[in-house]
Amino acid sequence: MATLYLNVIAGGILIGIVYALIALGLTIIFGVMRIVNFAHGEMVVIGMYVGYGLWSVTKIPPWMIAPAAALVLFVLGYALQRAIVNSFIDRPQHSQFILFISFALIITGLHLVFFGPDPRPIGMIESMQSYAIGPLHLDVVRSQAALMALAFVAALILFLQQSTFGRSIRAAADNLIGARVIGIRVHTVYSVTAGIGMGCAGAAGTLVAPIFDTQPFLATDFTLIAFIIVIVGGLGSLTGALLGGVLIGLSEALAALTISPALKTVFSYALLALVLVWRPNGLFGEQER
Amino acid sequence: MKRTLRPSFWPAAVFFVLAAAFGPLFDSFWLSLLTLVFFYAFMGLSWNLMMSAGLLSLGHALFLGLGAYAAAVLTASTGISPWLSIPAGAVIAALAGSAIAWIGGRFSVRGVQFAVLTIAFSELTRVLFDNWDLVGGTGGFFLKAINPDTNRPLVTLRGGPLYFYFAFLVITAAAYFVIQLLMTSRWGFRWRGINEDEDAARALGVPALRSKVLVVAISAGLAGLGGGLFGLMQGSLFPDSVMRLQLSIEILIAPIIGGIGSPFGSIVGAFFVVPLMEFSNTLSQRIGYYGLNTLIYGVVILGIIAFLPDGIWPRILRYMNLIRAA
Amino acid sequence: MILQVRNLTKAFTGLVAVKDVSFDVAANEIVALIGPNGAGKTTCFNMIAGALKPSSGSVVLGDEMITGLMPEQIAVKGLVRTFQIVRPMRTMTVLENVMIGAFARTANVEQASEIAAESIRNVGLESKESALASGLTLPDRKMLELARAIAARPKLLLLDEVMAGLRPLETDRIVEIVRALKASGVTVLLIEHVMRVVVALADRIIVLHHGEKLAEGLPSEIGANPKVIESYLGRRAKLS
């Protein structure tokens, strides 16, 4: 019994790390631009199709394809931000919302047109295998995904802390007017940030492609999970996204085991509602009261 | 004084009377299309009402679903008339809305967080309904089929296409005028004040919590009413069909595209968005590409929001003013 | 006694903004709250008007304890405040803005409209009645803020630096309006930096410095008070 719990917890943490990568993308976009990317889940699914597509042609395992997906989504995010989203920064919230909804519809529409609605599983030998560490049995695919996700997270944090551009991003997030005053090209910062945010989503998508069968309608679930994590962790907080991701991955796994698989999302939503009421800025967000 | 407030009721009244008069002339294709238009117009009006106080609802399907299930289950299990069960559903929806608004107001959950709160409650309820046997769970809840020969629409509140057309037209017209009355009353001013600057409004005596609870209660209650009638029209209810996030999003596209500043914008938006959905669906089926409809829909919505940021109705109004001035 | 403030204190982490401030405002008086920037004047206002919860102390309006009540409750009891940085409702017209104030006293739209129109006339904005608040100049926005507060028929009006950024002509107009308010029975507590106005209007002056009450008294007394002069101008200056 204890072994079962242990394995479920481990599995939950592993998937949680990948969820954290998704959430990281969402939170970084919000932290810098105060924009909520309601098409984030659709970006993840693009990543899934990139993973699925390249895997079916080259048989390279998805965790190695992830950087390619990240690049594709980076370019897409940058282009979208530069072409359209930047002009929506000062628009009211509902306008921004509809903009992203239209992106979501277009992306899903394209997926359906090109790939159809049928789920596309990735059948690899590794899907059935697991690493045995004592009593623990860690899914090979999940472990690879989690490790790769951590690599992305580490790279991102390094970029933000050490590079000049990374510092520009943090400056713009902290103090927009100040950043402008010292000459930071804010719109370029925004475009790069959007690219990074969506790149995270795309990378994560490729990583989960072997775990969830790729299909267009998974997008909403990913968007919702990203939202739950980001709100619980704190809008704009990187630590919040990381810890929140693991927390949600863990709690969903445990809830599926102890309550029922059908009700596992209920637990996450209840947690979300609680955090919204108790600490609207998230567990790691700024404390206002 | 009325010159600074909303425009007069007469053009809208004429519109509704004409829509009613032309009803019997439409064939069943147009009737079902226009019924759907008025359904989305009604839901849009209800959604837009909360927006006047700055409360963005991304979980409006919750209220629709509660109203639909309440009306259907109450009538089916206790035999009471839909004339009672639909209002009961509206009350249940209103209570749910009040609770959400109260929680939001009491704990200062604003902006994005409030919108996500509405999603949280909506999804929570949907999953709970998925697992609730009384309402049929994921298997769905089915209304008894009506006998077209013996059915009396004004008793069962169900009927053929013409009946539902009038039903939704009537509630849309009623909602429109009620909302106009509310917006030109003290409450309308208070909601708009809160939307603009809640702290400044409170410093002038506007009761923030009470105002927010009221506007959401009415908005949710209306949605519940529409949901009740919608449920009767569909004949079958699934949590996934009446409470899902996609429906919440569909509900708000029409009012935003039409223009959230005025109630008539929600109606105009529905007249644009619903035929667009139907047209893309038909095109997609004809050409044989599944998903083309979603793509077309998304592209048009993108076009509108990019080029007509305030929506269709304000732009039309501006053109009409220009024509009058010339 | 219309307002009794006792031992009002507000401590933030690392800073005590207001320390143990007590004063009274008598009915129909005009009292000025002055002091250098950062003295804690607006913080006091915020606590009195319910926008901020005091760390300790009490506020009594008339014969009711209003400490810790919500701003809207306090406003309904007759204490109305304006904001240092004006807060017009930008997508609403001048008339609609002021009507929100009027709705504190009546539920009837016609009545509110009349009260609002009267307030607007009072401050001289009638030519801009149907203009959107977003299109107003700063002086007009200040007048709007004032008209809105007056329309709420306050017993006690709290004016927070209402003269800031105005030219002498506009300042004089507001002085006239405040005098007229006093004549009609309203009590006024104002925060001001413009000394001309303080001297012209105030029956009494309260001086805050570093969050504490430094001095209190008639304008002539305050002007000669060496501690006050020192707090504003340093040790060797004299108030002219």
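When the chains are written out, they are named A, B and C in that same order, and each has its own residue count from 1.
In this text, a residue touches a chain if its C-beta (ideal position, glycine included) is under 8 Å from a C-beta of that chain, and two chains touch if they have at least 3 such contacts.
This is a predicted model, so every value here is computed, not measured.
K.L.:
So which chain ends up closest to the centre of the protein, judged by Cα positions averaged per chain?
P.N.:
Per-chain C-alpha centroids ranked by distance to the global centroid put B first.
K.L.:
Computing the C-alpha centre of each chain, which chain sits at the greatest distance from chain A?
P.N.:
Most remote chain from chain A, centroid-wise, comes out as C.
K.L.:
Can you compute the centre-to-centre distance for chain A and chain B, using the mean CA position of each chain? Integer Å is fine.
P.N.:
Roughly 32 Å, centre to centre.
K.L.:
As a quick test, compute the distance in whole Å between the mean CA positions of chain B and chain C.
P.N.:
Distance between chain centres: 44 Å.
K.L.:
With chain centres defined as C-alpha means, what is the inter-centre distance between chain A and chain C in Å?
P.N.:
The mean C-alpha positions of chain A and chain C differ by 49 Å.
K.L.:
In chain A, what residues contact two or more other chains?
P.N.:
Within chain A, no residue contacts more than one other chain.
K.L.:
Could you list, by residue number, the parts of chain C that touch chain B in their complex?
P.N.:
Residue positions touching the partner: 49, 51, 70-72, 75-76, 80-81, 83, 87-93, 95-96, 99-101, 103-104, 107-110, 112-113, 129-130, 148-149, 152.
K.L.:
Over in the complex, which chain B residues touch chain C? Could you list them?
P.N.:
1, 3-5, 184-186, 189-190, 192-193, 196-197, 199-208
K.L.:
Could you please specify the touching residues of chain A with respect to chain B in the complex?
P.N.:
Contacts found on chain A: 30, 36, 84, 91, 93-95, 97-99, 101-113, 116-117, 216, 220, 224, 227-228, 231, 235, 260, 262-263, 265-266, 269-270, 272-273, 276-278, 280, 289.
K.L.:
So in the complex, the part of chain B that touches chain A is made up of which residues?
P.N.:
Listed in rising order, the residues of chain B that touch chain A are 51, 56, 58, 103, 107-113, 115-117, 119-121, 123-124, 127-128, 130-131, 245-246, 249, 252-253, 256-257, 260, 289-299, 301-302, 305-306, 309.
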